[in-house]
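The following pair of complexes shares a single chain, chain A, combined with chain B in the former and chain C in the latter.
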Partner chain A sequence: MSIKDMTKEKNWSGQKLVSTDYLLFEAPREKHFMTGSEVTKEAIKRCTVDASVSYPITPQSEAAHLIGELWAEGYVGMYFRGENEFGVMSEVAGCAMAGARTVTTTSGPGTLRAMENFPMWSGTRIPVQLILMARGINSPLTIQPDNLEVTFMLETGCMIWYAENVQELFDMTIAAFTVAEMPDVHVPIVTVVDGFFVSHTREAVMLPADDIALHPYDPYAAPLPPIDSEMPPGRFLRDPFVMKSNYISYATHASWQWEVRSAVDRSRPYARHYLNGLAHVTGDEDAEIVFVACGTASNQAKEAHRELAKQGIKSKVVKLRTIRPFPHEELLAATKSAKYIFVPEFNIVGWLDKEVTQSLYGKSEAKIIGRPRVAGGMSMPVESILQEVFENTNAKGA
Partner chain B sequence: MASISNRKRYNMRISGLGGQGVVTSAHILGSCMDNAGKYASLVPFFGSEKRMAPVEAYVRASTEPIYEVGEVVYPDIIMIYHSQVVTHGKSYTMPFYTGLKKDSLVIINTDVDVLEEEDIIVLNRLNARVVQFNATELALKIAGTELATNMAMMGMLLGLTKLVTEDDIEKAVRERFLGNSFVASGGTASLDSAIEKKFKKKEELLAKNMEVINKTFELADGIDLMGSELIINLEV
Partner chain C sequence: MSVDIYKINPEFRDIMPKDILDLEDNATWGQEKRTIQDLTDKKELLEEHSLCAGCPEAAALRYVLTALPKPEDTIIVNSTGCTSLMFPHIALHTVHSLFGNQNAVASGIKRALEWRFPDKVKDVMVLAGDGATIDIGLDYTLQSFFRQEKITTICFDNEVYANTGGQESGSTPKGHVFKMAPKGKVFDKVPMWELAVTSGCQYSIKLTASAPKAVARAVREAVYIARELGPTYIHLYTPCILEIGLSASEGLWEMKEQDKDRFVSFKYVSPEAEALLKERKKEGLL
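After this line comes the complex of A and B, so read on.
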């Protein structure tokens, strides 16, 4: 089995090549009962992935281990363990620059250790996928779910998508390669889930058969040509402009930074198609009480909506599926009826609250309440959301 | 006691020690519920993953979709796989019955009374039922290994609540031990191979596990949860 075994119809492991639309929307599906880690393996298995580099850190270790199994089973072209997360993120960059479809996974302290690499990824326009299983940031030491690390990722120039549950993780992982590799987008993508709450939660998930997979990545459609025997990695890496003249350096850097962010913006129509929208809205359309959330917090908000409905109180949940690009239009449209916007979060700083407040500034009259916030890995009981609602609005709880 | 067996939603909290199969049995419980056509999800919570360290897992089952994830803060059912959870406080929630709903069920693996006087006051106020039995001894007696303790605990729960049929259980146990898609952690994998060595064939392992479960069903049949006793002690 090698890349030479690839034909127009089948990849090197013999899976039939299909379009992303077919894989996501048309292929028949069957029910399985799986964890987020296991479903990561199932998604990668169907993506004709060339390379993956791993480093163990809770809670993503199982996902990384299972991608390794895919290599052993002949589905992933190359797989090895890096020295640490900085090494891993550098090595996946090397793989991607050489034209490989590349994926890796990490969590919390691993993300921070690797941080220098993420703006380098977006600056070199490599469509790497990082599956981030969020965990707390030290100190004190924690291995538990807390998504503070996402705030560090927001301005790296990478796309950031947020999956709510095991099913979304599967579908998003597949869509992520496709959108990131669009020639007019072509930036790295970070697919985030809350560690443990998704990585270790076992639930029902619908999967297509595993004898079909995405068409391989075409690196020659990339905005920067891949490395080959004649082409060094990114001209500006080998031969930086700062060595020529400061003026050229300023101009290039500024315009390229702008271009990277424009590229992220250009992903909107593709993401709308493959994700069925950048935001999902559930609940009462005309509700004055609106929860804006992403990931696991939107699960908890949906339970809160159900409890409020039992008491005759209208509410709705706006689940943001992309954070970069930020779904400004979708958020504004979905919060038109809002008098109160609650932003429940699994971190201490309220990064989503800041994003929502900034996005709606001058456009919405609603009072934005960045609560409840839980941190350090604790759960967010529905009761804590209801308490915020009763304390901050005129809704009366039973 | 209001019946434990006809609720729309069950939130279960399982506390035990590393190596006892808390997560494995939570997985099987979740699969049973899924097989029985209910919505189910389960979350294991690890602290430091090592033998004898506290481990907790949470199972939710419902007749309607479940959105909520994370720890079960307000359980209907609590299972304690090791008495040290109570006596040494090896529990993520102290005391172990924190958040327990009214008219709920507690199953403890012990043959001595481990509850303090103040625990009894609270549990009486909640109108709970506490079933105590030596699941480890039962596992040793029937399967010849204490590693089947988790099966005895799970069997007792399902025997008392009749949440699923024996077919649903057998299918889930079979999937767990004969399927090859399950990875909980490296530790669990090595424990699995240790169990497998004990039983020459996986089929034999499956049969022994089912035997333990069937025995607990018999024991459960002799219990009246509607009676007035808070603590029900079972001889194995």
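After this line comes the complex of A and C, so read on.
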């Protein structure tokens, strides 16, 4: 296998090159039964990926193994196991700087070990995709599902998308490369799922054929030239003032930080297109009881909506699909009818509750209730959501 | 690449500063037989520098750059510290990423370039200080050696964290008093050149920056071996004249006359690398 085997019509593994629109919306699909880890392999297989570096940590290890198999099968150009997550995130940074479409995966403590890399990724404007299979961060040691780690990622300058289930993980992984690589966006993207709940759960999933794949990444359309000695050198640090203590230096750094965040903002129209909206709303349009959630919690909220409907109580679920950029407009529009907003979460700090509260501050009179919150691997039974509804609203349970 | 990417659009020649014009007109791009003698009359790839006057690191970097066999296809990854202050002045693809991750970033770059350009030679080099190489980045330095990454790692050893104000490093000799070691360092200087050998380097050399020709030769040997066989390591003594109380004119004297025990020369070349060097010599490249 060599990149030299690639033609205008086919990639190096012989897959026919197609547009993202075709792959996501038009190609015929067939039903499969797969885990989140398995579907990660299927998504990466269809993305003409140049490089991946892996490291074992539960629950993302299987997805990382399967990407390795894709390399052995000739679909992924380059793959190896790094020494730890800090090293891995630097290695994938190197791959992406050198112009490779690059993906990696991690979980919980691995995310935190690698943390210094993420603002470096965004500052370097590399469109790496990190598939994050969230797991608890705790001492004593836990490997259980819990998405506390996402709160640490929020201000790294990376885009953050959140998939609810196996199907969304497949579609988002493909869309993520496309949006992250847009020349006017070109920042890293973190595709999050709840570990175990999605990574290890087998679900029905509709997949297009595997003989088609995305067009390769074009590093020469990037806002910063790749580090490959094929173009005049990029000037990440070229001008000495960047390392000096003076006003021009401060202004340079400040404007670059703004620019990274503006780039994340510029992803909105693309994400709206490829994700069919930054938020998905289900349930009763005029409901006073609104659940705002992401990932598995939105699945449980939808279950609560069904239970409430049985009792004649109206409710709706606003599932946020992008966290960075945060879907302010979509959230405000979807909560217009709300008197009570519940934010069910799989973490102890309520990071999504804080995001929702901040976004709606001064714009909504709804009471925002950051519950139920479960953590440390606890599940979120629908009863726990209903209990919050009955305790905090006029709605009466049966 | 071809050296053409460093050429100036003719429309802009009249407004370009002389330094930039010189890079096109009088630098030694695209000539494999570049030599240290070029320093006297060719345009250097380092345009001035922002280190202390008389700093041996600046001299060492000039020797390194003038010795690169293929500068137009060389990518240098550096790290945080005094060396990172020079990199903005280098007319090559360079990366500063984080403090200590230089060998990890270089591994990714090298492998991605091998994948993207299977028929081209692209040299990847790491150039970092002793703190970056031996302390905070030791894991990534050694792991890149274990993995047999085809990169050259150069450590500018000034035996101290200089850019942060003179703190003890793993490379500081035992007994030296520096900040954070107010009673003197309690353990020995880390023998990185030996660790490089036991960790799988095809070539490991320790020398001071006092002899330009020797430095240039080591760089060329290391790059040629890394290109074909695997990791190579150069440990270069570049004392921090500021932190050991010397004046701008005393750096060379320090390297030549002092510390002979610590910087007694060391050189390891694997048998395969030895054979390769013989070939390069026959070709007139060394």
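Simple rule for what comes next: the second predicted complex is superposed on the first by the 384 of 398 C-alpha atoms of A that agree within 3 Å, B and C clash if a C-alpha of one lies under 4 Å from a C-alpha of the other, contacts with A are read in each partner's own complex, and residues count from 1 in each chain.
The rule is short, and it goes like this: a contact is a pair of C-beta atoms (placed from the backbone, for glycine too) under 8 Å apart; a residue touches a chain by one contact, two chains touch by 3 or more.
Keep in mind that what you see is a predicted model, and the values were worked out from it rather than measured.
Trainee: Quick check for you: in the superposed arrangement, does A:M120 touch first (chain B), second (chain C), both or neither?
Mentor: A:M120 contacts chain C only, not chain B.
Trainee: Contacts for A:A51 in the overlay, against chain B (first) and chain C (second): which applies, first, second, both or neither?
Mentor: A:A51 contacts chain C only, not chain B.
Trainee: Please indicate which partner A:L66 is in contact with in the superposed arrangement: first for chain B, second for chain C, both, or neither.
Mentor: first
Trainee: Check whether A:K339 is in contact with chain B, with chain C, with both or with neither, and answer first, second, both or neither.
Mentor: Neither chain B nor chain C is touched by A:K339.
Trainee: Does chain C touch more residues of chain A than chain B does, or is it the other way round?
Mentor: Here the partner covering more residues of chain A is C.
Trainee: Mind working out whether A:F33 is in touch with chain B, chain C, both or neither, as first, second, both or neither?
Mentor: First partner only.
Trainee: Pick one for A:N299: touches chain B only (first), chain C only (second), both, or neither.
Mentor: first
Trainee: Is A:K314 in contact with chain B, with chain C, with both, or with neither (first, second, both, neither)?
Mentor: neither
Trainee: Which partner does A:H200 contact after superposing on A: first (chain B), second (chain C), both, neither?
Mentor: first
Trainee: A:K354 in the overlay: touching chain B, chain C, both, or neither? Say first, second, both or neither.
Mentor: Neither: A:K354 stays clear of chain B and chain C.
Trainee: Which residues, counting only chain A, touch chain B once they are in their complex?
Mentor: 33-34, 37-38, 58, 61-62, 65-66, 143-145, 165, 196-198, 200-204, 296, 299-300, 302-303, 306, 378-383
Trainee: How about chain B: which of its residues touch chain A in the complex?
Mentor: 27, 30-31, 34, 39-47, 66-71, 73-74, 181-186
Trainee: Could you please specify the touching residues of chain C with respect to chain A in the complex?
Mentor: Result: residues 1, 5-6, 50, 72-75, 77, 84-85, 87-89, 91-98, 101, 104-119, 122, 139-140, 143, 147 of chain C touch chain A.
Trainee: Within the complex, which stretch of chain A touches chain C?
Mentor: Contacts found on chain A: 2-4, 50-51, 53, 77-78, 80, 82-84, 86-88, 90-100, 102, 116-117, 120, 124, 227-234, 236-240, 242-243.
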